[in-house]
Amino acid sequence: MSFFLIVTLVKIALVFAVFMTTLAYLQWVERKVLAHIQSRTGPLRVGPHGLLQPLADVFKLLTKEDLMPPHANKFFYLLAPFIAVSLALVSISVIPFGPEVSVWGGKTFMEIGGLNVGILFILAVGAISVYGIALAGWSSNNKYSLMGGLRSSAQMISYELPFTLVIVSPLLLANTLSFRGIADSQAGYYWDFIPRWSIFQLPFPQIFGFIVFMIAGFAETNRIPFDLPEAENELVAGFHTEYSSMKFACFFMAEYANMVTIACVATTLFLGSWHPLFPAPYSDWVPSLVFVGAALWLFLQSGKIGRKGDHITFPLFGIAALGFAVIFAIPFLQTYLVPIFWFASKAGFILFTYIWIRGTLPRFRYDQLMHFAWTFLFPCALINLLLTALMVALFPEQK
Amino acid sequence: MNLWLIPLCPLIGFLLSGLLGKRLPKQLVNIICVGSVAASFGLVIYLLSNIYPVNTPVTEHDFTWIQSGGLKIGFDLSVDRLTAVMLLVVTGVGLLIHTYSIGYMSHEEGYGRFFAYLNLFMFFMLLLVLAQNLLLLFVGWEGVGLCSYLLVGFYFKEKFAGDAANKAFIVNRIGDFGFMLGILLLVIQFHTLDFASIATAVKGMPVESSMGALSIITLLLFVGACGKSAQLPLYVWLPDAMAGPTPVSALIHAATMVTAGVYMVARVSFLYDHAPGAMHIVALVGLATAVFAATIGLAQNDIKKVFAYSTVSQLGYMFLGLGLGAYSAGVFHLMTHAFFKALLFLGAGSVIHGLSGEQDLRHMGGLRKAMPITFVTLGIASLSISGFPFFAGFYSKDAILAAAYESASPWMFWVGAATAGMTAFYVFRAYFLTFFGKYRGHHHPHESPFVMTFPLMVLAVFSIGAGKFLSVPEWLAPMFPVTEHGSMQPMIISASFGIGGILLATLLYVIVPSLSDSVKSAAGPIYTLLANKYYVDELYAAVIVKPLTLISRTVLWRGVDEGLIDTGLVNGLGRVAQALGEVARRWQSGSIRNSATWILAGSLLLIFILGLGVR
Amino acid sequence: MDSILFIIAAVAAIGCGLNLVLQKHPISSALSLIGVMSSLALLYLLLGAEFIAMAQMIVYGGAVMVLFIFVIMLLNAGAEKRSDKSLFAQIAGFPLLAVLVVLLAFLIRETPFPSKISQVQFGSWVPGGSAEAIGMQLFSKFLYPFEVVSVLILIAILGAVVLARKEID
Amino acid sequence: MIEHIPIWWYLTLSAVLFGLGVAGFIYRKSVITVFMSIELMLNAVNLTFVTFSYQNKNIDGHIYSFFVMVVAAAEAAVGLAIILTIFKNRGTLQIDEIDSMKL
């Protein structure tokens, strides 16, 4: 009991810290990537390459004046951001980041709370999180906010169907509802080089389902091209028009937290969770190699004439990367870190896709959005589900 | 062996063609309907070949239909030798006539409807034949009645067709009423309607010398038979039923349905065996009908009417045979009659078709050039019906007459023989008027298509050979012990009567046609009497119909309907409802919350009763 | 441990229920109803009905109540006004209600529960209402009801679409 | 402090919730709220289902409550559509204004 409690507390602390940092820096990454997509430089001033920008932002938000519109419904106005952020943060707790590992003589899973209906939990939380936005839009007593709230609730309800439906297909392959079970079911390789991830898994690879899932996920998190609730050129800033300072930050955080959650879920459901791309033992050394490569690149870059200070910062980064490489090379730590590395890289890739698409695609029109959801995405998910079920029923031995 | 498949095929055909008959192309309708009948025919053949020889009846219990108190009526089908004969006749002749109808109805409208009705008829007829208990038989009985109604009234745009249909239906009601009473008495008597169990129950009972329960039952059943098989006094519907299309007349009003009565009597023969009095009455009625109808047939000018009356009189023959205890003879005549009478009607239909609707003998004549096949086949049929030696009719009619000859009352034989002579005469009269002499009509006669003539030929073959080669009495011997008649005498006599009739007809209508008119004028009053069918219809109209309509107009309509029901019940109820509503509307405040409160109160009451009552 | 959780959930449920009845504004009622549902979901978890708990959150919390809130926002339904109509409900409502509560309490008290199985202990019933067990039942024993319900839902969708169309009047 | 909770606690809770639902149905004046009270009653009943199904260690109760949920969802869809229509036609959500069923 006590061991369980302690370990759980430690895990919570770890995950929370990492998660928060991720959120903060995800936003920095987004700005950087967008900038480079648009051939700008992005944040530079605060710290080397704007690395301290997130801290600055947090500081700014904290010190801003906290406005409250006069005719707003106080209670709900205050409740909304709370709901949004708390629900967004809670759903990370059932995601497994790695296999069962032994610490201090005990055994534990690399997740905060394993739930054998984890998927349903995620769905439930996602379903509830509509209220944050809807209430925010309604309570701030502003027509733009209301429109934003209505839009987002309608949008979220509509996209929940394909989202849920397409989730079912990998569940059929894995034959369980718990994330850990799903992750375990994707272990191993075909012919020792094709991983048994859901997107490759027989009898019915889920590539199509993965795409549908990603699209629905974009809509669920109100990201471009589905960010109608906060379409600035139509409704100022949508449901959080009236929010400022920390409450605004809550919504902001919530959005990014949802992104991360979706990425993690996608990784677990479709991309084989923490299972590496290459069979062991090679996979254990991939992280070190990656970091060494990064270090080399940084050293080479520092040679060129870059911006002022680069010739100092780049080597430092390089050294840091080397340090990581060394850490990842320690066999004792590998058991813990390598799975996390793989998981993180997959999730990171998905997050990058998010930003990438934001940088490339224009926004939908609202009717197009709904039309797309009901007449295209929903049937697609349905067909995918039917085909999967059929194949699983026909070739049960393949599973 | 699944017996239920046999009636199922036509039912499916009926459903398909009846539901989408309008949309389907004619060819598809043909395939469905004729195919379904052909399927059941094939099933029958397969079945019989499987269980041949049918020494013990094959029975199957499909499901329990009615279960009330001690009475348990199942959907039971069974096949014994009698059923086998009927099955073959019904499906075989039915198949031929379906084929024929393709040609005959080709120009008519309501094509799909016609075939749908025909298939429905086949279904009910097969049900009737296969039924193992009297109630199921009754279902088929009523069903065929319904189909007959529908098909007689097929040209419902003409008034006479509708009237004829109504007449057929209503007259049958009278018979069916008796039939139903008989069934009820049977239930009271035996607490079952299953043939087998009734038979075993009857075995124990003594033969009734005087009028007993069995006699009454059998007589009531016979009333039903009279209605269905057009015996005196209920025969009147059959001649009018000719208003329907000719294939219908052939299938329903000659070959199959009208013989249902005969079949039924033969089916419950074990009852009749114990009621000699009833049997005597059956014989008398049959004989009387035979004579009566034959005499009317002498003076008819509508070709179908002639054959209709001959049907009535032939049915009379069958009942004569049954009444004399020669069931096998009756059934035998039933079969041969099915062949040659169907042939007669189909031939007549072919003539009518060729003359595009002309039915009056006076506008025919000299058609043997125009339609040779019809000419030959119809001739065969006529010979067969008039008992010309070694044709089918000869054997069966002889079997009956022989039974009469050796029965307690030989005078029946002489009357029957004379009737045979008359039959031969009027059938050939019609035949000669149709095919000989010179053409008196104004249409352009032409031979019918092969699809119509083919059935004619097949039936012609049977009309010749059925008597000699399909000897029903031997086949039915295990069920109905056949009385071995020694002397050739009755055979010779009846045959000579028949031939005499033929010769007379030849004399009057071929050799010296002028003679016929002089005979007609000589027998003036009698002729008119016959031509007007003894004024029976008028009699019925005066005695029964008029008073009925009068009563219903005055008492029932004005008095009961308008007075009692309309003002009393309908409006009265309305007023009561209004008054109640005046009271109830106080509660109906339209306020949802009040209604909810009432619901709450009611549910509380329920909880009181249940929750506290249970404990 | 269990009893603490139970008491928390129960108090939350009753409090939210009361709030539903007492609040004047529809949206407050809706929010409190959501509260009731969430606490009921927790209770379901205590009763080993994890699937039902999640379904409760997804179906009720995620779909039904969102619809409610959506409609409330769409119609911009304000706080409700007093009305002097339906007096019967005003007068007879409360006594009947009291009778109902008393009656139910009485029945519950009087019903004999076999003591050993009538004790709820968290996690004592495995697998309990796991998704697998429910699915098994649903597709074997309750197949026909299931199919019928699916048809029902289809009809409901059509009905909703037809009713909520613009040009209806 | 009790470690095991008696069944009747659950039953009482659901009874109370049901009573609250009835009260809401009778005393609230907005159609939407009345509708929500119905949902509350349904939930209360669901709780009893699940409780009894725990007592008998038999999963049927769960199935029943599942069906109740599904039906409630369908009902909510149709009911809210009806409410929308009512509002469109009469411009009010006050339940006492909607009394055209009165003779």
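We just call them A, B, C and D in the order they show up, numbering each chain from 1.
We take it that a residue touches a chain if its C-beta (ideal position, glycine included) is under 8 Å from a C-beta of that chain, and two chains touch if they have at least 3 such contacts.
It should be emphasised that the depicted structure is a prediction, and the values quoted were computed from it without experimental measurement.
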Inset, instruction - Consider the two chain pairs B-D and A-C; indicate the one with the greater count of contacting C-beta pairs. - result: A-C
Inset, instruction - Could you find the chain whose CA centre sits the greatest distance from that of chain B? - result: A
Legend entry - Distance from chain D to chain A - Cα centre to Cα centre, in angstrom: 37
Inset, instruction - With chain centres taken as the means of their Cα atoms, state the distance from chain A to chain C in Å. - result: 32
Legend entry - Inter-chain centre distance, chain B versus chain D - centres from mean C-alpha coordinates, in Å: 65
Inset, instruction - Could you please state the distance in Å, as a whole number, between where the Cα atoms of chain B are centred and where those of chain C are centred? - result: 68
Legend entry - chain B: positions in contact with at least two other chains: 589, 591-593, 596-597, 600
Legend entry - Multi-chain contact residues (two or more partners), chain C: 51, 55, 63, 67, 74, 85-86, 89, 93, 97, 100, 104
Legend entry - Multi-chain contact sites of chain A, meaning residues that touch two or more partners: none
Inset, instruction - Name the shape of the chain contact graph, picking from line, ring, star, complete and other. - result: other
Inset, instruction - In the complex, go through chain B and note every residue touching chain D. - result: 581, 585, 588-593, 596-597, 600
Inset, instruction - Could you pull out which chain C residues touch chain A in their complex? - result: 27, 31, 34, 38, 50-51, 54-55, 57-58, 61-63, 66-67, 69-70, 73-74, 130-131
Legend entry - Residue ranges of chain D touching chain C (in the complex, touch as defined): 1-13, 15-24, 26-30, 32-33, 35-37, 39-40, 43, 46-47, 50-51, 53-57, 59-60, 62-63, 65-67, 69-78, 80-85, 87-89, 93-94, 96-97, 99
Inset, instruction - Report the residues of chain C in contact with chain B in the complex, numbered from low to high. - result: 85-86, 88-89, 92-93, 96-97, 99-100, 103-104, 107, 110
Legend entry - Residue ranges of chain C in contact with chain D within the complex: 1-4, 6, 10, 13-14, 17-18, 20-21, 26, 29-30, 33, 36-37, 40, 43-44, 46-49, 51-52, 55-56, 59-60, 63-64, 67-68, 71-72, 74-75, 77, 80-83, 85-86, 89, 93, 97, 100-101, 104-105, 108-109, 111, 113, 117-121, 125, 128-129, 133-134, 137-138, 142, 145, 149, 152-153, 155-157, 159-161, 163-164, 168-169
